[in-house]
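The two complexes that follow have chain A in common; it is paired with chain B in the first and with chain C in the second.
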Partner chain A sequence: MAVERVVVADRTAFLRRPDHRVVRALALLGLVLLWELVTRTGWVSPLFLPSPSGVLAEGLDMARSGQLLVHLLKSLQRLAWGFGVGALAGVGVGVAVGFFAMAEAVVQPIIAATFPIPKIALLPLLILWLGIGEASKVAVVALGVFFPMAINTYAGVRQADPLLIRAAVSFGAGRWSVIRKVVVPSALPMVFAGLKLGAGTALLLLVAAEQIAADAGIGFLILQSGNLMETTQLMVGIVVLSLLGVASYWALGALERVVIRWRHT
Partner chain B sequence: MRIIVERVTKTFHDRGGRDVVALGQVDFAVQPQEFVALLGPSGCGKSTLLNIIAGLLPASAGRVYFEGEPRPGRAPVTATVFQEFALFPWRTVRANVELGLEELGLPSPERSERTRRYLDMTGLAGFESRYPHQLSGGMRQRVGIARALAVEPAVLLLDEPFSALDAQTRTLMMDELLGIWERTRQTILYVTHNIQEAVFMADRVIVLSRRPGEVLDVVPIKLSRPRREGQQGDPVFVQTADRIWGLIKSQAQAALLDHDGGREGEG
Partner chain C sequence: MSVTRRRVVALLVLVLAAAPVLAGSAEAQAPAGPVKVGVLKLTSSAPIFVGVEKGFFKEFGVEPELVYFQAAAPIATALAAGQLDVGATGLTAALYNIVLGGEKLWIVADKGREWPGYPLVAIVVQKELWDGGLRSIKDLKGRRIGVTQLGSTFHYHIGNILQKEGLALSDVRIVPLQAMAATVEALKGKQVDAILVPQPFPGAVEAQGFGRIMAWAGDLYPWQIAAVFYSDKLARDRTRAVAFMKGYVKASRYYHDAALVQKDGRPAHGPAYEELVEITAKYTGARPEIIKLGFPFQDRNGRLLVPDIERQMAWWVANGFMKRPLPLRSVVDTSFVEEAVKGLER
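Take a look at the complex of A and B:
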């Protein structure tokens, strides 16, 4: 009698997702090389697209002359204030609205009504109220950060495990203890998701505000360079923004790993 | 302290707005230093009853009170050990045990001293700095027990504390809990659906009916103490377990056919 032998093969092989580390590194490098090639051959005029090496040289020049630092510091200062104020207010409001039914009843409809307004549309109003100086630009960044922070914190607080809250109460915790020892730690992962979201919004609003009404800052640098057809300087500004975005994301990730230690040990 | 449960009833409102009676009318008392098991089929409202006694859920009618000599200091009346452990994932083992002591307002040196004492008692020495997710189920529930013992409550409430553990770990943990109780002699109310567990550990077993939960019978356990594993073959053990199964079998069968009988009636 014939015997059939069926060898078991791994049928999930096509579902595997390897890391492809080399490809990752090459992808970015390849793009830059292609860009350099396109500009070197003169296929595209440097007026429209300066070469990466040219942008790098110009960036180093601007850094050495101190010109870049002036704009960068101005932007960083506005970011820090706007991000700090917006994030703190957002977390505070989010915790209050998530925990206290009364705060939820009062604030939730107001947030629902004001959240969809594109924050940059408020800049003229803010300039009218706070003047053309730093305050209006900081305020527009703070507003942009406030909403994702408040909404994320609220969601985080609502997700707090009722069993843990009851356990804390069973050991004598009152309202403030529950907030401090259960609700806030439970919301932290969502708070950090909000911070990362807010960092992107902050950068966007900062640049927009600096292009509308400012005499310094990366956004101003980009606008002015564009007006003067200084495309290389313009590209330096854009690269700095990209680095700023990557750096803030990385820094928030590092902070998260420290603060939410229990998830990473 | 003595626990007195007097004509306690509990009615939930389900999503359709209908009333669901979880507890009929429940009366019983637990004497000081007594180990009492509250036993019933799934969905009989035994966890609901424990939560009412712990003050974590309001009764619809009736009342619960504790009687005994005035207690010195700030010691709380009850502390609860939860089925799902309910440890704070962001706190280390040590900090989890300290939580109740913080809420009592104990000064820091006394907190650390007491925490160390109860971590030693529950076999957690050497694990103080771990986070709950780094521990096995059995070790996690040891933290739950240490946390409850550390506040030195008059009454210890345990809500199916070992039902989330595997059978071998459960047997070991039952032994350990009995060993601790022999030393501390706290009044214990222990909720379980496991007859062997109830008979092995308790002085008396209060048997609840299926929903609406009412006391079917109170069965005294006439086994000597300290209890040992070998007693599970003792004729008294077997007869008592059989008697309780006889009381509960038809209830459990009816609960099985209930469309939501497999779940605890927490509402």
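Take a look at the complex of A and C:
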């Protein structure tokens, strides 16, 4: 029996979203080239917009003198403490509130009342309580990370499939076993979404905190360069911030793939 | 109005607008819009306020327009960006770095000096530390000192005072707090041990009791703290630039004779003193009794301490806040003030 082949046009072709990897790279490259061109031709004074090549040279200079490393390490140290403390507290509170009705009754109204406060507004208060040293800077970052973590973890825990929980219980799992083996794993995707949100907030608050009474850090570098009208140095600080943001997003994504293996295979 | 008449009027306007250009070097009287002057609302801006209020600038055909700022460094930026014609404020590292960055602006006249016997900026220490025996600059070793910004006049001043006493900038911890009010608050909250702030803040701190004035910075290290700057555009417009300067020198003489004359180390105020206080109070929004705490010193003819500009740049370079020093003639131009003084007599 002869098979008649009919060619049918895929009418959902417009829904396909190819990767366009080359275009992505070209877009970024094009922007940098345009920027270089604008500054090279003298349309914009280098004082107001330093050229990318100038920024790169200055960045290398600062890296060689060790100056950039001092600022970067100081910022990373504050980020690590603030992010660590905030994320741990956020996950802990989120799981407790999601799982125990009593904890939910106590904590949820408090979170609802304190979450909308822009954390930057708390900075002066934190400085009064904790002084102008490291503690207030770490605390504001931790606060900024805590809320998205707690809220996302809570939502993740609440979303755990009741059927799975019942199944686990009927197989004889205890309360802790259910939390550890069913609730937390099913909340993990939401926890990672919270981590990524928190990373952005943490950078924002870090820069704000470092602009008050600091003597090192990327935020300090940016403010000081602005005060001194060293715009090239200022741009180096901004580029480093952008790289930090990209790096943290990438690292969290990699961690997510390792931790939530079942979701990506 | 008919079309032809409208055309004639348009042509007339065009010709009138072009007239100064056609006439070559127009007379000083030819106005070309207001001269925008960037100032801070501080007592030290008094000579500019006097020039505006008493009509000294108008006398030479210049229409001044005051633009108020919150800090010194942004004035230099606005000047380089072409948003101002004249700046009258403190000499900061930012200003020198702007010129180093390829923009042009000119330091043209005196606008205030730190001078012995004329209280301007004070070193204020915590009351408890003062009572505990912290009374000299040498005692500041290892202490936290609050200033507004790194690269500010206060930063420069404390650095030079420390060096004069045999200490280095690295012997203390300089804490930048961004605003003057925040600096005072940090002293109050004991987050810094000492601060540098200009009048009227030191007086207010002593009145509230949480700090003591250790010394007036000008008594320890006199220098050219503030200047008048011209944008490159105004500097090229020679006639207007000199006309503005004539008004400024006249205001400067009025200011000097009213407030700065001393006899046997005591102030001997001129007849215009009360009027000067009144004008300054009006423009700064401060109470007259606070204004009377003191007017900063400046040259009667607005002449600049030129060698000090070179000293300042050398210090910023030595301490890493400037990449390299500028040749003096690329940033200082005293020809305007000299021409104005010659043209005014007396």
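Simple rule for what comes next: the second predicted complex is superposed on the first by the 256 of 265 C-alpha atoms of A that agree within 3 Å, B and C clash if a C-alpha of one lies under 4 Å from a C-alpha of the other, contacts with A are read in each partner's own complex, and residues count from 1 in each chain.
Going forward, a residue touches a chain if its C-beta (ideal position, glycine included) is under 8 Å from a C-beta of that chain, and two chains touch if they have at least 3 such contacts.
Here the structure is a predicted model, which is why all the values come from computation and not from measurement.
**Student:** Would you mind checking whether chain B and chain C clash or fit side by side on chain A after the superposition?
**Tutor:** In the superposition, chain B and chain C stay clear of each other.
**Student:** If we overlay the two complexes on their shared chain A, which of chain B and chain C does A:45 touch? Say first, second, both or neither.
**Tutor:** A:45 contacts chain C only, not chain B.
**Student:** Please indicate which partner A:118 is in contact with in the superposed arrangement: first for chain B, second for chain C, both, or neither.
**Tutor:** neither
**Student:** Let me test your reading of the model: by the given contact rule, A:253 touches which partner, first (chain B), second (chain C), both or neither?
**Tutor:** neither
**Student:** With the two complexes superposed on chain A, say which partner A:109 touches: chain B (first), chain C (second), both, or neither.
**Tutor:** neither
**Student:** Answer with first, second, both or neither: which of chain B and chain C does A:30 touch in the superposed model?
**Tutor:** In the superposed model, A:30 contacts neither chain B nor chain C.
**Student:** Is A:228 contacted by the first partner chain B, the second partner chain C, both or neither?
**Tutor:** Once the two structures are laid over each other on A, A:228 reaches chain C alone.
**Student:** Examine A:213 and indicate which partner it touches, taking first as chain B and second as chain C; both and neither are also allowed.
**Tutor:** After superposition on chain A, A:213 lies in contact with chain C alone.
**Student:** What angle, in steps of 10 degrees, lies at chain A between chain B and chain C when each chain is taken as its C-alpha centre?
**Tutor:** Roughly 160 degrees separate the directions to chain B and chain C.
**Student:** Taking the superposition as given, tell me the minimum C-alpha spacing from chain B to chain C, whole angstrom.
**Tutor:** 52
**Student:** After overlaying the two complexes on chain A, where does the chain B footprint on chain A coincide with the chain C footprint?
**Tutor:** none
**Student:** Which positions of chain A touch chain B when the two form their complex?
**Tutor:** 163-164, 166-173, 177, 181-182, 185, 188, 260, 262-263, 265
**Student:** Residues of chain B touching chain A in their complex?
**Tutor:** Chain B reaches chain A through residues 54-56, 76, 78-80, 82, 84, 86, 88-91, 99-100, 102-104, 131, 133-134, 147, 151.
**Student:** Spell out the residues on chain C that touch chain A in their complex, using ranges where they run on.
**Tutor:** Residue list for chain C touching chain A: 73, 76-77, 80-81, 93-95, 97-98, 101-103, 149-152, 173-178, 186, 189, 191, 321-322.
**Student:** Chain C touches which residues of chain A in the complex?
**Tutor:** Residue list for chain A touching chain C: 45-48, 127-128, 131-132, 211-213, 215, 223-224, 227-231.
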